[in-house]
């Protein structure tokens, strides 16, 4: 089985992006890694770069400032609404990503099974039902849309700030070592392909 | 213009649902109100009850425990994942609402314009990008799906706990009077139909 | 019984201070109100202004940005550590308020009894064990120290942001009307002087 | 220089206490470790156990569920108010720890200097102005009171939940490895004795 794990460059006020540290040393025989720019217009370049690779799984990692767990996104929206400019200076507001694309697309990764397996090992992981409206959601929607009729499974994982990023913030963090351990475990779970099918709820009650 | 505002009965551990207090006295010449059961199987009854009414706008109100603002939902998901049983004792886990329905459906209410107008008047309102996976999301998705080719516009609004609900909780609240004032203002904004079209971002950065 | 309720002027980035709105119209036959400057050097002026008044109770109100309830402070510290300059431009760091004063002084208000009575009426009130290290703590410590051998009882009450202050923040708020109602109820509880003495814990577990 | 680092047993609903994992392997030539019971009556046993040891520094570690950083406590209060029973079944409510003791006692550890040094190395550390009203505050107050005229310096450090403790909670956590690294660094800072004296504010603005 072939995996691609992507990270993002730093953006906004942050001089580092913990996803870049997470993928360092993650290269395994079947795992490629790639750092993506934080811009709203690179998706075509991305698909051209990987078109011959025939990945079984693509895991996009993104910084989820404020999150306390590794969160696997359920859905991407056909929507861009940028509060801050991307690294090209673009700031799309209230726009679709794909003209006439469906409003939402569910991840094709078995995220329930992954999260249940991780939690049973004591790892702080959960499902998130919003990937925001910025570049994280843009790449997740674009990938899901591009690979919708292909065999490649696509998922997006938000990771907490690293400890050094919250020295002056009242927000949670997670050690890079622990994030790396959980991502490796996720790859292992997917490689084994033997998922739990327990009917545990991982939902949000509102 | 004709409006329907719905509230929900109490559910889970809560003996009250603030939405029921909010709709009390909200009946205006063009505004009907209705209290819905917190169950995953009442939608057909609901549509039968209102099918002759030809509403221009349906606003579903739901309790959003933990929210600090009046939040207008952007999207409903074709997904049920109940952490607690509904008031019938049903607890659907990891299931679609509508077989073969689209993954997500955007609200047909002009929520950006409403939120910008409310914020300009000093009201704490915002857009939310997840309505959860419980009965709130179920009614929102069901209504959007049912009215998808009709002229009725559908929206869902989560309101914070009332002050008396948080006496023993570390969570935000909002006075019923203030919620009522904001809902009335929302109806007024929709009645006037003259929306701001400013390109202000109301998005979430992740 | 004679009461003094004090408010504070706006400070920092806030153009309003909700305590000023709370005390408006709160003047009752036995209740005086006073707006204090947000500075670290006005305490002598304050005591000169009120020295003939013989108040039974002084309640200092302060803005507690981020709090979700009306919180009655248990203790003031002999310590100033200002993150931002006060309204005079002073910014004392790591200094005592009263040379050789005790490290901490407990409020002389029966705050447990007040909070239990308020909670029984459904009001969101609680005890706080830190008044910070800024002007709120300064006035609380100064008053408790000045009146330590006198009959005047002194307390400090932090109130949440007002709803209009959190339009662009992810923090709780409370309507001015509700704060005013709770402060009036507090005055009534103290006037009646018949306190609950239930052994309910209002503590913080760490 | 001789150090004592204490941990606590698990309490309440928690089957583990991360402080016990933190002190494992922390024994260095000049560092003793000790696990304390979570009870309100063990302090005399504690002092008898250590009376010949002549420690220069005692650092009590406690679990601070909900905290996102390593927090060094500024003050202990002469107050017990237990929301849950201790591990003996005792539940003191609204009582002093030491009859006629002062209301508050400041830590005798140079916590500002420690926190500034840790932050400069990128560690998430801060000062806390409340140690609660449970056993953590009890041991901190008891130690500060007992050693008030002696040369031993006393401090209390609250540490976040460990990652496995928050699998089902919406709260921050910190890896045991990182906590251990920060405690070791703290011991090193105290051993070197060369503290920063920068006038940076570490206060809380209210």
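By letter and in written order, the chains are A, B, C and D; residue numbering begins at 1 in each of them.
Throughout what follows, a residue touches a chain if its C-beta (ideal position, glycine included) is under 8 Å from a C-beta of that chain, and two chains touch if they have at least 3 such contacts.
The chain lineup, named per UniProt: A, B, C, D = Pyroglutamyl-peptidase I.
Everything numeric here is computed off the predicted structure, so don't read it as measured data.
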item	value
Path length in steps (a step moves to a chain that is touched) from chain B to chain D	2
Greatest separation from chain D - chain, by CA centre	B
Whole-Å gap between the CA centroids of chain C and chain D	29
Where chain B and chain C are represented by their mean Cα positions, the distance between them in whole Å	37
Computed distance of Cα centres, chain C from chain A, in Å	46
Pairwise touch network: line, ring, star, complete, or other	ring
Residue ranges of chain B touching chain A (in the complex, touch as defined)	12, 62-65, 74-75, 77, 79-84, 91, 93-94, 102-106, 112, 129-134, 136-137, 158, 199-206
Contacting residues of chain D [partner chain A, same complex]	68-69, 119, 122-125, 163-164, 166-168, 170-175, 177-178
